Structures are given as C-alpha cells and as structure tokens.
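Shared between the two complexes below is chain A, which pairs with chain B and chain C, respectively.
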Partner chain A sequence: MAPINKTDPQKKSQDRVQTLFNDNLRLYDFHGGIHPPQQKTPASNNPQQTLPLAEKLYFPLVTEKGQPLKATVKIDDRVLTGQVLAEDETGFIPPVHAPASGKIIAIEHHTSAHSSAIQVPMLVLETAADQQWLELETMSIEQVVTTKPEHLIQKIFDAGIVGLGGAAFPTATKLSSPAKINQLILNGAECEPYISCDDSLMQEQATKVLSGALLISHCVGARDIVIAVEDNKPNAINMLKEAREKLPFEQFDNLTSLSIITIPTKYPSGGEKQLIEIITGKQVPKGKFPAHLGLIVQNVATAKAVYDALIEGRPLIDRLVTLTGKLATIPSNYLVPFGTPIEHLLSYSHTKIDQLVQVIMGGPMMGHNISDLKTPILKSCNCIIVPTEDELPSAPAALACIRCGLCTEACPAQLLPQQLYWHSRAEEWDKTEDYNLFDCIECGACAYVCPSQIPLVDYYRFAKKAVTDKKAEQLKGQTARIHHEKKLARLKQLEDEKANRRKQRAIEAQKRKEAAALAKENEASDNEDSSLPIDSEPTSKQLDPKQQAVADAIARVKQKKLEKAQAAEAKASNNANSADINKNSGDPE
Partner chain B sequence: MDLLIAIGILLALGLTFGALLGYAAIRFKLEGNPLVDQLDALLPQTQCGQCQYPGCRPYAEALAEGDDVNKCVPGGQETMEQLAALLGVEPQELAPENEADPEATIVLIREPDCIGCTKCIQACPVDAIVGAAKHMHTVITADCTGCDLCIPVCPTDCIEIHPAVTGFAAWKPQKPVVQNPEDLQRIPIQWHQ
Partner chain C sequence: MLYRTPAPHSIGGNQVSLMMITLVAATLPGMFVQTYFFGWGVLIQVIFASFIALLTEAAILHLRQRPIKKTLFDGSALVTGWLIGLAIPSVAPWWLTMTAVIFAIIFAKHIYGGLGYNPFNPAMAGYVLVLISFPVQMTAWLPVSALLTESLGFIDSVWLIFTEQTSNGLTVNLLRTGVDGFTLATPLDTLKTDLNNGLMVSEILNKNIFGSFAGKGWEYVNLAYLIGGLFLLYKKIISWQIPFSMLITLFVFSFFFSVFTPEQYPGPMLHLLSGATMMGAFFIATDPVSASTTPKGRIVYGIGIGILVYVIRTFGGYPEALAFAVLLMNLSAPTIDHFTQPEVYGHGSSQEKERTNNRGNI
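== the complex of A and B ==
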C-alpha cells in the first residue's frame, strides 16, 4: 500500500473521503414523544426572502435572563453595519452588533419579546439610506486551521454568536468546555411544527453549514461530526450530501467521519438531550452537560454563523425567521436583521394586520404570544406564526385530571407529569423537586396529549419560578444571617477590647498611685537622712520597668539635690526638687 | 437463689445500659438547642427586630421557650404556618397591620442628600451599607434585607424603599386557573335532569 500512497496522493485523499462518509449509523430512540401535524408547508417550499431594513431597529439593553448590557454607543452617534452597539460587562453574553448603518436616535422603553411583555430600555437605531459595512477581517480556511482554537473561540464570541436553535446560549462558552470533545452533533432536526428556517438554510446554504461544522470541530478538537436531520426534510438532506462532496477535507486531517443521518420525525427529537439519545443511545446525566459524554451539540444555523464569523469576519446581525400561519399572505423564510419590529415583517409580507387573532413567537409547542407588534425580532426568534382562530384555537377550560397516564407515556424526559401537576397545583415545592421538576424541558408533549386539556406546562413554569425564587430567598437569608453574626461578633470584640483597655487603665492608675505613694515615702525618708542617697537604691529592686524608671528618676533627683545642697541654698533647692519629683513621676506615662 | 439470680441479671442489665447511656450522653452531646437552629432556618433573616427581639436568632430562642409564632412581620403568613407546624402549635392570626404576603424590598440611599453621618451604617444589622464619616454612603443592594432599620436614624431622610427584584426577574408566570366556575355549576344541572 505504501508505494501507491506515495505515488498517488490524490487516490489516498479520495479513499479517505470515502471512509469519512459514514451515513449508516445505528440509531436509538428516546422515551415518549408525539407526532403533531407538521404544518411546515407552504413556508418551507417557498424560496428565502430578504427582508428590507426597517426604518427603526430596536435593541434591548437587558437580556431575557435579566443581565444588563452596556451600550457602547451614545445618542446621536452614527454607526456602521457590524459595529458593536452593546456588550455585557461580565463577559458572558456576546456583544450586540448593528445590523445596519444609521444613527442612534434614542434609548426608550419598549415591549420586550419575553413572555412577561414588560417594557425594557432599548437602543433605537434609525437606519440610513446608504449602507456601509465596517471593515471586515477575512480569513482563509488554511489560516483558520493554523490558528489556535482559543483565538477562534474569542472571534466567535466577538462576532456575537449565540445558539440559534432558540435558547440563545453563548456559543463561545459552549465551545470552551474543558472536557475532551470527541463528537460534534449538528442539530438539523427542527422538530417543532410550523418552523422551517433551518430546513430552508440547509437547502440554500448547505456548504456554509457544513464548513461551519468543520470549523467548530476544529475549535473543539472533535474527530467525528454527525449531522442529524428529520426525515421530513428530504431536500435538505440531499443538498447537504451534495455539498459534502466538495468540502476541503484535506485541511482537516484529524477528522475521521462526517455523517449526514436521517432520523425519524418525532417531536421533540430536536431537544439537545433527546438528539444525543437518538444518536448515541446515551442519556446526559442530571446536572451535567453533553460535554460530560464528550459531545457538543450545535444548531445548523449556529454553524453557518460560525462560518460567517471566521471566514468572512461577519458578525451575527441577522437570521432566518419563518413567517407562517394561515393569515400570512406570503408564508416563507425571511432573512431578518435583528432589532426589526415584528410589525415590519408582517407589513412587508402583506399580512392582514387588522385580522390578526394572535401572534406567536417561536413554535406552537414552546412559543409564546406577543402582545405588542413593535416587539423586535432578536437572536432567539426562529418563527412568527399568525394563525386564524380555527387553526390554533385558544385552549378550552381544563377539566379534572382523570389519571389516565398519557402524559407519562409522552414525556421525553421520563418524568411523571401527573405527579408534577398535582404537586405544582398544591404548591408543594419540595415534592416537585423530588419528582425532578427541573429536568422538565417544557416541550409541551404532556399538555398536547392530555385528554382533559390541562395546561400542564403552565403549571411547571409557575412551579419552576416559585422554586427558583424560594431558593434565592433562602440563599439571601443565609448570607444575611452570616453577615449579622459577623457584625455581632465584631461589635462584641470591640466591646471586649474597650473593656480590656478600661481595665488596663485602671491597673495603671493604681500603679501610678502606688508609685507616687512610694516616692512620697522616699522623699520623707530622704528628708530624714539626706546624706545617704544610696540607701534608696534597694527600692528599685522591683522588676517593673515603670517602677524602675520612677526609682531611677528619684535617684537622679536625689543626686541633683545632693549637688545642689552641697552648693548651698538648701531651702530653694528643696522646693525645686519637689517639683521635679512630680514631673518625673509623671513621665513614664 | 432464683430470686437472687433474677435480681443479679436485672442489675447487670441496668448497669450495662446505664453505662451505655452515660457514654452516649457524653460522646453524642448536642451543643446548643437544635430546635433553635431549625426555627432560625425558617425565619427570613432580615434581622429587622419587628418581633421586638434584636434579630432572628433571639426570636428563634424565644420561640423555643414558647413565644407566639405570629411575630415575624417579613415572614408573613407562610413563615408563621411553618413555625407553628414545627413547634406543633395552632397557627395564630397575624396582627392586622401586617401583610399576609409582604413584598421583598430593599432600600437605596438618595446619594446627593447623604451627609455622611454613618448613622445608617451603625444601624444596619447585615453590614449592607458602606461609606465613611463625611463621605457619601451607599447600599450594597445584594446584601440588603429590607429591614428598614436605617430609615428612622437617617437625619436627612434620604433612604428610600424599593422593590427587591425588578425587570424580568420580578415577573412570575400565572398559576393556571384550577377550574372554570361555570363547570362547577353545570354538574348539578345535569344531575337534576
């Protein structure tokens, strides 16, 4: 074999490429799941459209998790496309970039896309007529593969990339996991009904998606790449397989496989933990991340964003959003710049705004209603549904739970939804935690199958928030108790020190008194026999330095006195001596 | 003879277990009253003194001695019920002026008005105010328990009460309505038919 390889390197690389394409992996299944009507057409069949810039774009200065962002621009600043508008000072959330050139005209309160629909401060960018990009730093694939992964991950962070599957978790944080990663799973399942933005992306930009996957695998050192697509997207699978033939595999020596696999359509196969179970047959342990199993899961749109960021130097400023529902005149996938109000998308696509029943952001299973059409479309928004009343009727009143157990069969997390329901309803928080409330992924499969139409997920969201708040309160209480105890201990210490000082002073005063008395005594004896000053020496045998000093002083005085007495003027010198004694006895203090 | 054996056995048993108990009493001696710790853990640790005790632990000690369970103002109805359950006493009515479910608050110093008298620093039971004499003070909001002890001592009234959580964190998902009242009315109608 060796001589052949030497003479024909092209043949060798072709052989390698053939071994890389391993599409017949054994698949596993996860517990439960449901098969709701897909409703992906007609949006998925229509070609992608680029939404023109809205007049004003809005950027919240607080993330949906509540972290404040610091604006890096001021009102009246002119910004170029791709310029950073806001960043997180704690360095966790990637920066927000301007999707268009224009002028910052205000910071105002507007309705956020959060389910609470509360008003948050937002930067308002008025888009200009002439659009100009910031200068971009491009890289070739050769340059990327010779760059250290840390630098690449920093570039991914600086490009503002978050997971585009819906959770918007910072991608750089996911990629910089210290655990050894063997396998990269690219999530193209897109299991939720109505949504087709990933499908459309894979069909139209398959090469970028796959190149992005190669770059991510280089960043984390993964040797295997698996791209999982549900079998309801045959076009996407074909396009991916076609694009795979032309990838620059010779740049990625460590890669051992790049599999494009078709998984059965079942909701929620696109959930991170569910997809891992389908592909590896393993479950991510409670409280652990997929990295614990040597895995990393990225959405296909995230992979494309990574390609854009590393190769083209282009930050994440727009995304594909599915506009669908029976009220949408042109249901399709639109390339929407972030910060665009939903209203702009609806009016551009000629949706009859006056007939709207409800507007859902996200899919029908996990999304939420939007009350204000000025709400901006941000990184986590993959779909806008404008259904008619018949299409997605509002939930009927819930009936009593009949304990049929269908929810347990449907739960992909293998929880007991019924027990969680009872305990959440009764607000027995300890019990909800015993039944692993926080392992619930809120996929809504239980509520979908419930014959009594109980809004189960609403109960779980309510319980999760209550438990989280309770825990935060307890933690704060504990901190407060520790602080209070420390303060009490400190006050007690100060009090003790004060008492000690007082005691010390009392002792000293006592000693001074004794010393003074002693001096007086000596003086008296002195007067009796002034010719023998050495007689007073034995009094200084006490070891106390203060008393010693006093005695010394007295001795000195006596010496002086003797001299003066010898000189004459006995009466005058006597007066001076008594003054000196008083002065000197005070000195040791 | 049998009698003596019986007495002997009982005596031996008594001595053995007595020695065991005596050893256990020394070896497994509990420091302090564990009930006080349990009660203290239930209290909100605001250290506000509204129970007329100088802090949460003194109140916990008083509770262990049999004091009323309805004195904790920031704890509200829920804490009162938990205390009653732990002590095995009947729940008591909260004082009417105290809310059943008080909102968590913090204080903020209106900084331009602060004269730097340090009075609030001394009053704060959890060291949540920083500053120096004749310099502006400020509240470490993460540590503030909302006890409001700093408010009466402030000579310039520059301390304000604010809600402890704001924004998205303050939002709570609604608890779904358990049953539509109309459904309840429907049942007897069907029954009469």
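== the complex of A and C ==
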C-alpha cells in the first residue's frame, strides 16, 4: 500500500513499469478437459463489422432466469439512445437501455432466447431514422480514481453491465463483494470452439480492455491483474502487450503487477473455476465465491464495457457477436445492438437462411438451439452458429453406456459423470446428490467424449431440475406442516381458553347458586333483601322482546296457514262446481 | 424446420464400435504369434467363436425385440467371441467353444440386460464355465508346433476341432505325447506338477518346453500381446491403471517370493510372460463394463487381480488363474468404486485449510 516515491517521478515510474510487467507466472493445470477442433477461423481473422439498426428491436420483460423486469416506458413513448427501458424492481439485475432512438410501439409476446423457447412479453422499439443519444456524463481517469468505489460500482450497475462471457451475472454485484480482493483475473481464454468475439475485441480494442481492467482493479482494490489468453490467439496477445506499454499506470499507485499470460488451449479453460485453478493452483471451495480466495474474475468484454461506462458514460447497448458456421457467407464478429432479431443479422450478412438446419446461440459445447429467427440477441449472446448438417451433425441415437470412464477423465469438475448418469436415469435423486450433481458446470466435455453418444448433460439438467423441484416440494410440505402445527396449537389454545371460561362460569354459577341459596336463607330469615329479583329482572326483560317476536312470528305463520287453507278450500269447491256444470252440459239427458 | 437438440452440439469421434474394432485389431499381433507357435487351430477357434457369438447375439436381440443391426455392430459380441477363441486351447472340440460362447452371450450378458449391465466379464464367465465343466479338454493345450512329433496342417486342425481326430485318426492326446512318450503339458501346468513332485525350479526350467524367459512360445505370445496392449493405451481405448497395477503387483509378488526361496518359487519373468498374463492384463481385465470405473478404483482392481493371479497360480489348484482372478474382482468392483470416488473440485481437504487461513480476510 506504500505510495510511490514522488520525488523523482519520471525515473521511478519507468522502474515501476518494468516490475509491473511480470508475464512469467507459474501456471497450473486443471483436471480433465478436451481438445475439440477450434473452428475459430475465418471469423476471428475477418475485421469487425457494425450491424446497422434493425427496423424493430425486442426487449424481454423477463430475464432468462425468469426474473420479471418492469418497463419504465409506455407504448407510444419516444425514447433516445441510452435511455432506460426496463429495470428490476428488486435492484439485482441492472437496467436495460435503448440501443437506438425511436418509438415504443407495442408490448407483445415473442419467443425468448431461453432454451425452452418460451414466449415472454417484450417491449417492441421501432427505430427512428434520426438517432440521438441521451446526454452522457463523461469522466477522465483522474476523476475516476478520485471517486469512491461505491459510486463507481453504482455507475457500473446503472450502465446495465453484466458479465459478457455468457453467464450475464450482474457485474456490480460481483464487484461489491465484502471480501478483500487481491487479484483481478481478466478472462480472455475464450476456450469454446467457433467463438472469437473476445479475440476480435482484444485485437481491435486492447487499450480499452486494459484500461477497463485498471478501472475494475481500482473499484475492488486489487493490486495484481492477470490477463489470461489461450495460446491460439497470438495476435490478441501481441496487441494487448503493445497496448500495455501506453497505459496511464501513474494514476494507479496501488497496482503491483499487470501480467498478460498465455495459457494452453484446452476446453474449458475459460470456465471461471478452471481459470482460477490454472492461474493460482487453488480451487474455489464448494459453495464459496472466488472472492473467498481474494480473487475476482471478469471477462475482457466486461472490462471494456466498464471502461465505456465510467470514462465515456455510455451504457451497455451493444456487444460483439461472432457469426460463424459454414452457412455464414461473411463469417465475422459483428457489433450488434441488443434486441436485434437474429434474422436481421443473418440477412445482413447474406446467410443462406433457406438452407439452415440449426441455429446455435452460444458455442457448440454450451450453446442452445434457436427455433425462431425473430429471437432477439441479448447481453449473454456471444455467438451465433449456422452450421451445415455435415459440420455439426445431430448426434446419432445413444447406445448403452459401456462404463469406459472416458467421461471421468474429461470432467473438469472431477465428478463421476457415469455414476451421475446411471442415477439420473434411474431417477435416484438422492444418489445424484451424493455424487455431487450440483458441482457439474454443464461444460459438455463428458458428452463430447462419450463413445455411446449419450446426451449426458441433458440428463444432469433434468436431474438438477428434479432435485430442485423436490426440494421446493419438501419446503412447501414443511411449511404446510408448520402451518398445520401452528393451527392445531391455536385451536388447542382456543379450546383451552373455552374450557377455562367454562370452568370459570361453572365456578361463578356455583358461587351464584350458593349466593342465591344464602340469599334465600337470608330472605327467609330477613324479607328485606331484594337483590335477587333485581338480578334476574334484566334477563327476563331482555328475553321478553325475543319471546315476543317469536310468538308474533308463530302467530303470523299460523294466520297465513289458515288463510291458505281457506283459499284452497274455496278453490276446491269452485272447481267442483264447474266440473258439475261441465258434466251437466256433456250429458244432455 | 430448424431442429433443436441438447448441448453439446459438437461431439468427438469416439464410438463404441470403433473402440471394439480397435481392441480386436490390437489382438492381431498376439493372435498371429499364437498361430505361429500353436498352429492353425488358434485362427479356426477365433473365427468359429466370433461367428457363434454374433449369431447368438443376433438371436437374443431378436428375442428381446431390440434393434439387431445397430446393437450387433457395436462390436461387443464380436469381442467376447474373439477373446474366448483366443483363450481356449487351440484344439479344443467345437462344442466346447460353442458352449462357452453361448453361455457368455446369453447368461453372462443378456440375462443382466445386455451391454453395459453385465457385472461379470462375459468372455471369462464363459471360459470358467467350460474350464470347470470340462477340465480335461480345457487343459489339453498342444505344445508348441516345434515339439510336435506329427506336424498339424490346416485341414487336420479343422478335422481335429470338429471331429476330435485328424484325417489319419490322431487324437489330441496322441498329439500331446512327446518323443519320450510322456504327455506334454503347458509350462505353468508342468511347473505346478513338478513342484508338487519335489523338483526344484531350476530343474524344471531346464525342460524342453521352457524357452529363454518362460514357456517356449508362450513368452513370445505374451510379448506380442504386450505390444498390442501398448497400442491400445496409445489409442486411449484402455487406461493405464488396470494393466500397470496388475503387472506391477504380479512382478512384486513373484520377485519377493523368488528372492527368498528361488528353488520353490519361479521369478517374475516366468509369471509375466506365461499363460494369459499379458492378454489378461491388457485385453481382459480392462473390460470397462465389469471393471472398476474410478481412476483410483482401477488401481485397486488391478492390484487385486495381480494378487489373485499369483496366489492361485502358486498356492491354488489351477495352473492358470486369470479368469478366476478377473471374475472375483468383478464381484468387488462396485464396492471398490464406492470407496474410491475422486475428490470433486473444491471439496478437497486442502480447501479446508484454505478456508481457515482466509477466514481472517473476510
């Protein structure tokens, strides 16, 4: 924490910079992992492109995790670029901003990007011809480093920033961990095949990425920054190293190192837990966050978004998305405004839409299929793959598990995927938990190596859902039982109270009886006592009107009955008379 | 219409059928060396056993109303038949092979639910059934071709297997008789009998059925299977734990016994290069379905087989022990698996320490 000696700034800062650039860190390995074909080219080599605005943009009012968002605009509202469209009332999920100026024309149900392709309500923004930004509040780096971290983290939240690596976890929440953070790990591994948006970002905007990292380290008080990039991205590594030379380190006195390290290409090295193990050799204890080890991991794109938010005041409204696959005519990384339907990206890039067999949102290992091309691209979408049938063939029907154990060797979480599979299949949920089902990160390495082509991850997802449901059910049952027990206790209390009152009354009655008997005795002995008649008088008086009313009612009913009977009698006699007449007329003789 | 399948959308090139075929291919060196030393009977047995295995599998799949084509070509039945063919004496009568194969496919495999569900190694279950039921035929190994008084051609081998005598009327027992008029047994068998008769190891090893390291012919057969096994390891069809732990255990046991009483217990070379040691270590004990599945468990499993092989060979009633050792360890595999679960990420004991160390920071 010792401040840099300020007497000879020029010399000192040069010396310091030399010690900062420590790129020879000892690396570790994580268990398992696979080496699928990379398929990152040609998209990673092609220059970035900016996707023009679509006619209509769609913003779900429910997050992918099912959290509802509240629209802050109404139908027919005109919005400016950067204006907040929706926010989370619980304050957990950062707000959604308009990536373009235009008019809200509807709130309708459309297919969401969730793997279930569920229909959710979405704001529909019709983009206008003339685009205008909301006024942005810019800051210089000097201003940022003198601002309190809490303010900066609030700004990051307000800018709508979430983890752009794919999980879309709110960045502000991650940054405001109470634990002391020593090291910031910037994740540029991008280990999944096909995806190259982080590669492209590091190549073209290395300075912003690194500046973002410095800003984050300031927010959390981290003294060491490690940027990890897989060795299949030499250009990105070179650009980062070049950009590092010109960073304003003098503004960040507490920083002690900024390392750019090359890690071996192995899927899933970009998984947060795996990356931590590669760099520190430590494993995040079960149920803990990386902050527990004094670490924080951020994606490179998130760092760039933080830079945009703090320095330029620009909220997160777009991101780089890799469009790739053999059916993509121009595979490249596109800067896509959020809310853009996939269809727009495909038609702009001249993709052969009529030949599509499947569309994958995300990578080939963890992404999911999209069935509706109107599905909007959101913050968590890093890649759209449009493969041919031969390129990523649909898996053949699964064969029997032969217990070969290749999955165990591939599992980065050191689980026994095969045992999990047998127990999931048998619906032995307790057993799946014994085998640590919830430590599965769903990376798909097990299914990738499975010689029987068993969709293992699907079994685990199903099992996780079943276990969660079962627990919810148990909790519900428990709550119901507690409620029931409380109700019984309440009823018993009422019963007891009643019994007590009854007892009390009995005692009182007894007392009264005794008193009456005593009074009678007294009366008999002394006629002047008039307390008893007075006591009983109010009750008789009270009863009187009731009795009267009852008697009246009875009388009225009796009266009515009598009237009815009389009327019926009269009618009957009338009828008889007429019948006689008829009879007479029908029979002349 | 866009299709939707669960992730991952990219799958590696591993296939059960490919693994099985590679396994069969890896036995070829051993099979050819075996054929060279023990005659055409080896090839005939392998082909016959594989044919019966596929036929039985198809019939059972038909009865169980399972997709015949898909399951038949997973290659597992072929491997079972193939291994039985290699394990059975080359001149064993056809009905013996057929009994072993049919039992293996129907009772050791399909009764339990087919591939993936069998608790026992089917090939070894079939082998042990006929070994116990027909001990005479199952121990009637011919000596290496060079020691035969009558040479045995391909046609005669076929005759011998399917009619139990050659075209000129020789039976297996006649063929096994050496020039001195004594029946020639396998090296391990001879060793056992002679040790029981009070001979010393050095005397026994001087007999003409022994070669430079172990039994004549057998030593090269074992080396050929070792090469095939290393190929399997290289192709990652099997993992190193079972064969290595088994062979090392066998080495350690035979080494220590032979160091202290060399005239009573033969050395490690003989154990490693005799009988079914190498074939067992790489091709039979590694059957994934019936073996232990955890990495540590596989080491325990291999050690268990190594110990049992040594103990049964040295102190038991049978000269060869691999089939029994494998079946006994098959029984223990689920228990071994239960106690050898790997440490899951973030669950380790080192993590506990980490937790207490870092508590001060939070």
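We take it that the second predicted complex is superposed on the first by the 483 of 589 C-alpha atoms of A that agree within 3 Å, B and C clash if a C-alpha of one lies under 4 Å from a C-alpha of the other, contacts with A are read in each partner's own complex, and residues count from 1 in each chain.
Note that a residue touches a chain if its C-beta (ideal position, glycine included) is under 8 Å from a C-beta of that chain, and two chains touch if they have at least 3 such contacts.
The shown structure was predicted, so the numbers you read here are calculated from the model rather than taken from an experiment.
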| query | Looking at the overlay, what does A:V145 touch: chain B (first), chain C (second), both, or neither? | reply | neither
| In the superposed arrangement, which partner chain does A:L518 touch: chain B (first), chain C (second), both, or neither? | neither
| said: One more residue to check, A:K180. First (chain B), second (chain C), both or neither? | reply: second
| message | Contact-wise, after the overlay, does A:E473 reach chain B, chain C, both or neither (first, second, both, neither)? | response | first
| message | By the touch definition at the top of the document, which applies to A:I402: first (chain B), second (chain C), both, or neither? | response | second
| message | Between chain B and chain C, which one contacts more residues of chain A in the superposed model? | response | C
| message | Under the stated touch criterion, which partner chain does A:P455 make contact with: chain B (first), chain C (second), both, or neither? | response | both
| message | Applying the document's definition of touch, where does A:V120 land relative to chain B and chain C: first, second, both, or neither? | response | first
| query | Given the touch rule stated above, what does A:V62 touch, chain B (first), chain C (second), both, or neither? | reply | first
| message | Using the superposition on chain A as set up above, list the residues of chain A that contact both chain B and chain C. | response | 397, 399-400, 455, 458, 461
| note | Seen from chain A, its contact residues with chain B in the complex are 62, 64-66, 112, 114-116, 118, 120, 397-400, 425, 454-455, 458-459, 461-462, 465-466, 469, 473, 476-481, 483-484, 486-488
| How about chain C: which of its residues touch chain A in the complex? | 2-12, 14-16, 18-19, 70-71, 74, 76, 114-117, 236, 239, 288-289, 291, 293-295, 298, 337, 341-348, 350-351, 354-355, 358, 361-362
| query | In the complex of these two chains, what residues of chain B are touching chain A? | reply | 40, 43-47, 55-57, 104, 125-128, 143, 145, 167-169, 171-180, 182-183
| query | Which chain A residues qualify as touching chain C in the complex? | reply | 31, 34, 36-37, 117, 178-180, 193, 273, 277, 282-286, 288, 292-294, 356-360, 362, 364-371, 385, 387, 392, 394-395, 397, 399-406, 408-409, 412-416, 418-419, 435-436, 439, 442, 444, 447-453, 455, 457-458, 461
